[in-house]
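For reference, chains read A, B and C in written order, and residue numbers begin at 1 within each chain.
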Amino acid sequence: MKESRAARLAFYATLAFLYAPIAVLVVYSFNESRLSAEWTGFTLHWYGRLFDSPETAAALRNTLIVSSISTVCATALGTLLAIGLHIHRVRGRGAIEMLLYLPIVVPDIVIGVATLAFYVAIGFPLGHASIILAHVAFQLSFVALVVRSRLQDFPLSIIEAARDLGAGRWQTFRHVLLPILRPGIVAGALIALALSIDDFVITYFTAGAGASTLPIRIYAMVKRGVTPDINALSTLMLVTTLALLVVALRSTRHDLRA
Amino acid sequence: MRGHAGDRTAALAYNAPALLYLAALFAAPMAVVAIYSFIAQAPDAGAAGRLTLDNYVRALDPLYLSVLGHSVALALATTVITLCIAYPCALAMRSLPPRRRAIALALIVIPSWMNLLVKNYAWIVILRREGVLNTLLTRTGVLDAPLTLLFNDGAVLLGLVHTALPFMILPLYAAVDRMDWSLVEAARDLGAGRLATFRAIVLPQTRAGALVGTVLVFIPTLGAFVTPDLLGGTRSLMVANLIENQVLQVRDWPFAAALSMFLIALVLLGVYLLRRATRDTGTALA
Amino acid sequence: MDRIGKAAIVAVLAGAAAVACGSRADDRPEIIEAHGVSVHRDSLARSLRLFIWPDYMDPDLLAEFRRTYGVRVVLDYYDNNEALIAKLKAGGLGQYDVVVASDYAVEVLRRDDLLEPLDHARIPNIANLDVRFREMPFDPGNRYTATYQWGTSGLGVRTDRIDGEATGLDTWRLVFEPAAQPGPFAMLADPRETIGAALIYLGLSANTTDAAELARAEALLLEQRPRVLTYAPFASGRELLASGDVVVAHNYSGDVLQARDAVAGIRYVIPREGAILWTDNLAVPAGAPSRYTAEVFINFLLDGEIGGRLSNHTRYASPNAAAWPFIDGDLRSDPAVYPDSAVLERLEVLRDVGDARVIYDRIWTRLRAGR
């Protein structure tokens, strides 16, 4: 159906608006000049400086540790909950669903402050674990919702059929339920991973000494002044998250086909 | 499923771990905040153990209400602006051939995966005094001297809209896609103009999508921290910045807790209103 | 394809984990003799956590510390003393070996028993401190602290962006009086500093606990507020000055001088009405993972040559008498770094204000929230 030129223009303008800042960021990460917006030459110097910085290396290390552990935990817990909600229903399911939505709806600042207050109240030391525990709390909901939507699209008669044929609980779970859920689990896990890697506010409040993640490092760098190494770091982060997304999409499509 | 004694164990095994986790690491922290909001502040000690409504009374001071009001205003403005941009975009996307449509969708989704700090920093690079925009404008002679484009509501709004756009466009596109386009064609055949068709047919039919988009934009924007912190100045404070200041600088936990409760209340109110509106259109949210 | 993709992710994660857990062979002698003290290698921790202001430490010195003692120093940052105190009180104890706290912050921390006493036997270089810094009001006899750097809080001015004379700039009127304001300006995002500046401009003490006086300061600040571009942490303020977003920045001496390296037209002025003189002090927080390593580090920093190199890097004034010969000539003769006695008379040191802190906090919160 033909749509007005104006709408088309609006769309292209919107795309430009969405991508222009990023493009600027990436382009200037290769700019030789430190201070001005004048293009003085192409260089990889700023990327090199990233590798020389022990704090950036530490931030990268922390991000990988925290996000991978939290994603694994959240995926496990979230998947179990999704199955529980959809298949093994308990009373008070409505209330549980509301509880599930809360970590998504409640603003990050409140979650961050609340979690910190909680840790201090029970004397829990801040470090890597404090971040991981906080992340799982919100990743869980996302995983559960994604896996549950996958469950909703699938006829559960297969499970009943398997049980009727004599399959045990564990067998049904492992050989029937899990393969059905796999695309949802993978999608949920990758969403959770991306959310954890990118999280700033909650991590800001719950990180312990030396446990700063990449977003916190970027924030600290930005507060101290605009330098192209921030551009370089940002570009690398963008590329990584995009790569993750692409892998996510590809693998879900494969699984769906299989 | 059939009722078995074993099924109850299964139900427990599946549901309990996650629920216990949420109880310990979400519900409990929220409860701590709620409790703190009713405790009197002691200087340097965080809280003094005396129950009081003082923190809420203080939070009702017009000064702090205006910060809440300012946050609501910015969130509303962001919602309205993204809505106005999203409609033409969604319609334009729908009018593309199917292959290009998928690409367009992907292009809209990708920015939503980009790190928030990176996106805000990009705006700093563009808007700062020695940034790209100022350099361009002074070099081409449009400006005599660079302007200070950061540290005001405009910059914050720009950052908020930039972050929120994909979340408004996507649900709206989904709604536009599900529409009954035969109605539009019929209207056109009967001679109705574009605007009339839009108002009478497209708007009502896509209302659910617009509402979903509103939820996805308004709620997170209300609690925004990074954008006003990096792009805003003294006058652009939003609630989240005030709360952070109270916790990490002033150390007035009870007051921060009261402010947080206000923010949660606003958020829940927003969710409630939007759910009611969605139920009216007969479509379920997520 | 998806299997390859997943394998790639696992490989990357595994590789990163491997990099993270590297190990080194130990080639340090059992007793390390350096900087006037014998250190037992096995009593040292592998890493030392330092909580400090950003851009306040020379990375070369940390590298040297590592070479000598085999201890890796890990830095964490805070923007102002309030954040330091808040962090230590909210789960921060037991996380840091050494913190750098300003004068009144030391008083607050001591009052709440958050500092470990220093063992002077392990810090012989403490004798290097100039006699003025051995009997500070917040810690006479250096029982808990050793001064790190000192400086003043004044105004950084872009003399190259201001019309007219570059004289008569040493006044708070530049930021408090609309008629004297040369352009956009930033104030420090620090309650004691900014409220203190207002109090000093009004001829009052920056340590007052009198409610009426504080009300006057608040009125002045609220009146100033619409003209303030932003309340910036010192590092951001420094950047704003260098980029020209502001022509005046309320900031610390050394940071303005650091900005001067980038932009020649920047001058640091100590207002004639008075200003705050602050000292930053090394201290060991309660529950520090390794007090032994912390004290070795403090002793290292108090070495004369190290102290000189430190001050050359930070552009701040050194409290270390033994460091004087190692400090750059142009810094030694710069009145912005080492003010003469006439100026020193006008400077005030911040003290803890005790319970009046609530009044200061309320003023600050109202200032931040106002429109």
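Please note the rule applied: contacts are C-beta pairs under 8 Å (C-beta built on N, C-alpha and C of every residue); 3 or more make two chains touch, one makes a residue touch a chain.
Every value quoted in this text rests on a predicted model; they were computed, and no experiment measured them.
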{"item": "Count of contact steps on the shortest path from chain A to chain C", "value": "1"}
{"item": "Pair of chains joined by more contacts [C-beta pairs], B-C or A-B", "value": "A-B"}
{"item": "Between chain B and chain C, centroid-to-centroid distance (C-alpha), Å", "value": "37"}
{"item": "Averaged-CA centre spacing for the pair chain B and chain A, given as whole angstrom", "value": "17"}
{"item": "Touching two or more other chains - residue numbers and ranges from chain B", "value": "128, 130, 247-248"}
{"item": "Residue list for chain C, restricted to those that touch at least two other chains", "value": "89-90, 243"}
{"item": "Contacts with 2+ other chains: residues of chain A", "value": "35, 116, 226"}
{"item": "In the complex, chain B residues that touch chain A", "value": "1, 6-7, 10-15, 17-19, 21-22, 25-30, 32-33, 36, 85, 88-89, 91-95, 104, 107-108, 110-111, 113-126, 128, 130-132, 134-136, 162, 165-166, 169, 181, 184-185, 194, 219-220, 222-223, 225-226, 230, 239-240, 243-244, 247-248, 253, 256-257, 260, 263-264, 267-268, 271, 286"}
{"item": "Chain A to chain B touching residues, read off their complex", "value": "1-4, 6-8, 10-11, 14-15, 17-22, 24-25, 28, 35-38, 77-78, 80-81, 83-85, 87-90, 96, 99-100, 102-103, 105-111, 113-118, 121, 133-134, 136-138, 140, 144-145, 160, 169, 194, 197-198, 200-201, 205, 215, 218-219, 222, 226, 230-231, 234, 237-238, 241-242, 245"}
{"item": "Parts of chain A lying in touch with chain C, wherever the complex brings them together", "value": "35, 55, 58, 60-61, 64-65, 68, 116, 119-120, 124-127, 130, 208-210, 212, 220, 223-226, 244, 247, 250-251, 254-255"}
{"item": "Complex interface listing, chain C residues touching chain B", "value": "80, 82-83, 85-87, 89-90, 108, 112, 184, 191, 225-226, 228-231, 243-245, 354-355, 357-358, 361, 364-366, 368-371"}
{"item": "Chain C residues within the chain A interface of the complex", "value": "1-2, 5-6, 8-9, 13, 16-17, 19-20, 49, 51, 54-55, 74-77, 79, 89-92, 94-96, 233, 235-236, 238-239, 242-243, 262"}
